[in-house]
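Presented sequentially are two complexes of subunit A, the first with subunit B as partner and the second with subunit C.
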Partner chain A sequence: MTWTTADTWIVVAGALTAASCALLGNYLVLRRMSMMGDAISHAVLPGLAVAFVLTGSRANLPMFVGAAVVGVLTAMLTQSIHSLGQVEQSASMGVVFTLLFAVGLVLMELWARHVDLDPGCVLFGAIELVALDTTVRLAGLDVPWAVVTLAGMFAVNTAFVLLFYKELKISSFDPKLSTTLGINANLMHYLLMGLVAATSVACFPIVGSILVIAMLIVPPAAAHLLTDRLSTMIVLSVALAGASAVLGHLGAVTVPGWFGFRDTSIAGMMAVAAGAILTIAILFAPRHGIVSRALHRVRLTLQVAQEDALGLLYRVEEMPSPRPPVAVPALRQALALGPLTARATLAGLVRSGKVEWGGQGYRLTERGRDDARRMVRAHRLWESYLVQFMGLPPDHVHSAAMRLEHVTDPAMQRQLADRTEQPQRDPHGMSIPPAD
Partner chain B sequence: MAAYESVRNAVAGLSAAKAGLASRLWPATAKMATGDEHPRTAPLSIHDMTVAYHRKPVLWDVDFDAPQGKLIGIIGPNGAGKSTLIKAAMDLVPKVSGRVLIYGKPYAKQRHLVGYVPQRESVDWDFPVSALDVVTMGRYGKIGWCRPVTRKHREAAMEALQRVGMADYAGRQISQLSGGQQQRVFFARALVQDASLYFMDEPFAGVDAATEKAIVALLQELRRAGKTVLVVHHDLQTVSEYFDHLIMLNMRIVAAGPTQDVFTRDNLHRTYGGRLTLLDEAAQAIAQTGGGP
Partner chain C sequence: MSCGADRAGLLLTAAVADHLSQALRVLTLRDYNTRVVVVGTILLGVAAGLIGTFMLLRKRALMGDTISHATLPGIGIAFIVMTALGGDGKSLPGLLLGAVLSSAAGIGCMLAIRHGTRLKDDVALGAVLSVFFGLGVAVLGIVQSMSRGNAAGLESFIYGKTASMLARDAAMIAVAAGLVALVCGLLFKEFALVCFDQEFAAAGGWPVLALDAVMVGLVVAVTVIGLQAVGLILVVALLIIPPAAARFWTDRLSRMLLAAAAIGAISGLAGAMLSALLPHLPAGAIIVIVAGAIFSVSLVIGPRRGVFVRLREHLRLRRTVARQHLLRAMYERVEAITAARVGTAAPTAGGDAAAVPRSALLKARSWSQGYLQRLLRRGQRWGLVEPAGPDSYRLTPAGAVEAARVSRNHRLWEMYLITHADVAPSHVDRDADQIEHVLGHEMVAQLEALMASEASRAAVPPSPHAIERDSNTAAPGSSARGSASG
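This part shows the complex of A and B:
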């Protein structure tokens, strides 16, 4: 394929749309009202119709004002139906936006029949045609009008988020405190909703309502998984939104070719790219990702198994000779480990120099014995404690101590020893190894 | 606003019957209040306040003056309107009738004098902010609209975190804190508000023993600094230990005054009705502290 100016403008328009939406979407996601974007982008229709009838034109400004007014109205109606009718917030949202959408359709039918409103265009937009739009000469470039509009919207949203950064933060996090401090949380809510409505109107003739809804929610949701800082989350959401636009366009022109088709909907592919980014975030996010959590669990399991193996080797050393050799089968049987875990456990211990192969079985090195002594000491102190203070019979304390020994730090060990008055032997008569 | 009008009208109907009913139900505390008897300088003076949610009255005819520089506990059974009382005082929920003055002026003019600690469950702890960020929010009112947070404010917040023993956790995302630590962060946020009158909604709910001790010490520090603090409280065992003054609430004020005068078995009975387990607890509490008859 060859890259043309048209491709550039498509990507720029897509990225500006995505970024404008993502900026505001952060606050929708954090306020747990993600569906509000969906609701508002549908509900603006009557606002557009009224603005059109009043001004007789499809000029930008009246459309934005009409949309913003209805956006605020949607938020207000949702709130009052929620609190007066005592219905769930999302249910009341569902009632309001379908009603307003229907009113919008009726108004269009009554007053604006001759205005062309193609359902396909509303859903998917016409981003392919961006470059064919009338252009305006800016800094030596012929910039399509659509891009100018979108750049304006992006600038307005950026200014809003920067200017009201602190107000948006507190009114989203703690609306009650915010209001008592004089930062009226309702006012901020309605400002935000008005701007969401205006943004969706600016964006959906170009990219369609599906992409608007996707971009309001998906990049911020992915960014939230990747960071614990609001400012980072906002910057990241904008970057991810831009990346979805670029990847989406590339995907739309290349992927269908692999299957023998010419190309596919660019806006649709941008939404798919955003979805792919979110999937990656869900899987690999450093703290919240599925893969990282699984890895963490595996590491924890191995650590526990290693500590148990050290304890086992120490107890074998305490036995009178001839001592049984400890190799993989014995370890598996004694600690109920799977074959893979057992091997990984021993390999880890050998690597860290705590255990070595002694011809017939594994044995502790000097370093390993120190660690093992600490583990066994913690175990036997816990057994003494559980018998003395919890009144448990001696034959019931082993498995509890087995778990507790892994979370006992030196300070806790000292406390345990003090409470149990420095016992020399555990309830089973085994000697308790000395502290370091 | 039309919504509230309809609630107001619905309750207005109730109001007519209210005065008579109230005097029969609570003869000891029913009085004809005109509002003139309130001292003009009380940190908080509530006159004849009634609050309703969805046509159901939650607070009836609440009349109360907070003495200056005291720790004031608000106790009562679930649904007694304890949280609503402090929210209505700060205009967070609409009043059907009545008037609230903070140091003699309406709340809207005095909000800079009022600090608030909401219930811990009222916010989303997964929100991407650090402990220091949350404490800094206490300053937002003073910073003013559209002005950035400066280092001076962050330093004040850090100092407050130090006072509650949380300086080491300043950079932690707040969901990584324990319940007690979260409550300390909220308390630090109230400290940086530097208010004269504080409302705290169950600051002791679900905290560990060390945090409870720390918060009590800080409350006493606030009292020494001449602040007035109203605390919604649940644990009857600790009432006499923690609070100088008490509001015993069950939709209306059953009793209010110095703790040693009003924290009696009789008042507890009237506040908590027939809840036997609670009454046992109460009896025990009174036996321990040697309070009233």
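This part shows the complex of A and C:
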């Protein structure tokens, strides 16, 4: 494909759209009101129709004001039906937005002559036409009017988030605390809802009313999985939103080609790109990803199994000869491991040079024996401690010590030894190996 | 000129007659087309109302929204696949199968997000809804650029074509409605159990997951069939609004199901007829608006949780509370005056009741002049209070009995709080103030048993704390305000 100025403006418009939405979306996600984005982006329709008829123009300002008013109205109606009628929040939201959307459709039909609003355009947007828009000359560049509008929206949202950073943060995480601190949580809520409505209207011509929801929710959700800090989350969400715009545009041009088709809707592919980013975050986010967590679990399991295996080999060395050889079956039986885990455990120990194959079974190397001694020392010190200070009978302390030995560092070992007065033998009469 | 006016009048009459006959045709369902649309929307309203009720109670009202948006990619892909295989791209069973499969995939993603990550339910719903819809838009974008196959009409899955519903569509809706009614009838008890107490159902060995799957499966069926008949927004609305409206009319699940089905049916009927009368307006939107009107009416006058009923109960309670406060204030004043005058303890109920000046009453609570005036006037109307002179009042015999009862309850509760809840005597007045109005006979009997002591067996026990609101009448050290806790 050849990159043209039109492509540049499409990507810029898409990125501004996505970033404006993502800025506010962070708070929707944190407040657990993501579906409010859905509700508002549907419900603004009558606001648009009324604004058109009242002002007789398609100028931006009346549209944004009309949308913001209906956005706040949606939030208020949802809240009042919820509290007046004890209707569950999401149900009351559903009632309000379907009804307002229907009213909007009827108004648009009734005033069809005045309102040249195409429901299809509102639903799907037309990002492809951005570059064909009338342009304004800014800094020697012919900037499409849509890009100027979106840049304005982005600036407003950025200013909102920066100005009210503390207020938004406190009222999102703890509305009661914010009230006691003198921050009006309700006011912040309605300000946010009004801005969400205005933003979704600003974005309708670009991505349409449904895909606005994707831009509002999906990048912040991905960012939420990647970090635990609000400021980082906001910056990340904007970056991911920009990335969805770029990837969406590239995808719209290239992906259909793989299956022998021409290009497809850029807005649609932006949502798909955002979805792909979310999927990657769900799977591979460092701390919260599904795969990362599974890997972490496997690593932990293997580490525990390796330490247990070292301890087992050390205890076998303590036995009088003839000692039983320790190979995979013996290890599995002693530590209740699966065949794969047992093999992986031993392979890891061999690789790190702690264990070697000695003809009939595995045996400790010098390095391995040092580690093993430390493990067994920790184990037996814990057994002594549990018997002396917890009053547990000696035949009940083994499994507890088995778990505790893995989380005992040298400092803790010294403390344990001090408390138990440097015992030579554990409650079972086994000698406790020296520290080093 | 008169001739012209006559002509105009004639034309007008003809036009009115035309409209009337048109309305009559619609209302009597004489048109085959109108009949199909009315039957179809009624049945859809019934089906959506039934299954929507369970979804509402399961707190999943918006799931239908997500499911319906998630069907779009499946429809587009099914079209592409069927066209690629050389078949008719718009074969309905194929498109519906695609819709079902893709909404199932959407539900799968939703469950994965909800259970596999720290993201919450709302994000799962919103993300699946918008990303699947985006995928659908992208797929439809491909479909439109395809050389083979005529993709026109696929967008009716989003907007619907309520007014031009075919008999085939109505028949499919009828099948879906029959299926929903049958399954809801057969699994009524199980669904109810899952809706109201999931943990109990699971502990009792019911297959909660399978029941949930059946429930969501029915939503998918209604959604997919409703989508191409009436459009996305109407299906979503019919799944949510009638059940939410029905909730105002009854607390019984079986009646709520019937009410939701009826409201759905009425919305469908009235909406379809209205839109037949107003053919230039979108039928789906009209049906939603009718349903919304029914919801609003239910919200206001519904006998179970309606605003009106709750307001009336609230006012009634406030009136009772105000009356009892007035009586107790009168009683306490009388008690104080008598004690100060004679130096003895509490007056007996119905005994010679002293007159209480209004200024003394005003100090009893944080009443404003006007409010106290209104309260006293109401007290006279109830026959509990009567004027005893210029600007002073006394209790009537009936009022004295009631006042003694109220004060007794108040003090019993205070004594209970002091002895059994270890609340300081100076702090019990406010707590008792709230409880005294809701003490029933049984509760009072229990309190009496608990407080088996001289004080509580008295007609009205003395107050366990000082009633210091009026220094003129409350002489310190009078026996009425000694510590007399049981």
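Note that the second predicted complex is superposed on the first by the 352 of 436 C-alpha atoms of A that agree within 3 Å, B and C clash if a C-alpha of one lies under 4 Å from a C-alpha of the other, contacts with A are read in each partner's own complex, and residues count from 1 in each chain.
We take it that a contact is a pair of C-beta atoms (placed from the backbone, for glycine too) under 8 Å apart; a residue touches a chain by one contact, two chains touch by 3 or more.
Source: prediction; values computed, not measured.
Subunit B and subunit C, once both complexes are superposed via subunit A, clash. Judged by the touch definition given at the top, the superposed model places A:183 against subunit B, while subunit C stays out of reach.
Contact with both subunit B and subunit C is seen for A:224 once the two complexes are overlaid on the shared chain. When the two complexes are overlaid on their common chain A, residue A:390 makes contact with neither subunit B nor subunit C. In the superposed model, A:291 makes contact with neither subunit B nor subunit C. In the overlay built on the shared chain, the residue A:132 is in contact with neither subunit B nor subunit C.
When the two structures are aligned on the shared chain, A:170 is found in touch with subunit B, with no touch to subunit C. Of the two partner chains placed around the shared chain by superposition, neither subunit B nor subunit C is touched by A:54.
Set against each other, subunit B and subunit C touch different numbers of residues in subunit A, with C touching more.
Once chain A of one complex is fitted onto chain A of the other, the partner contacts of A:233 are limited to subunit B, with no touch recorded for subunit C.
After the shared chain A is superposed, the part of subunit B among 5-13, 41-49, 131-139 or 185-193 that runs into subunit C is 5-13, by C-alpha clashes. The interface of subunit A with subunit B overlaps its interface with subunit C at residues 32, 84, 86, 224.
Within the complex formed with subunit C, the residues of subunit A that make contact are 29, 32-35, 37-38, 42, 81, 84-88, 90-95, 98-99, 101-103, 105-106, 109-110, 119-120, 123-124, 208, 210-211, 213-214, 216-218, 221, 224-225, 252, 256, 259, 261-265, 267-272, 274-275, 278, 282, 288, 290. Touching subunit B in their complex are the following residues of subunit A: 30, 32, 80, 83-84, 86, 163-167, 169-170, 172-174, 176-183, 224, 227-230, 232-233. Contact residues of subunit B toward subunit A in the complex are 3, 54, 87, 90-92, 111-112, 114, 116, 118, 122-124, 127-130, 133-134, 137, 140-141, 143, 145-149, 173, 189, 193. Listing the residues of subunit C that touch subunit A in their complex gives 56, 59-62, 65, 69, 112-113, 116-123, 125-127, 129-131, 133-142, 145-146, 155, 158-159, 233, 236-237, 240-241, 243-244, 247-248, 280-282, 284-286, 288-289, 291-292, 295, 299, 302, 305-307.
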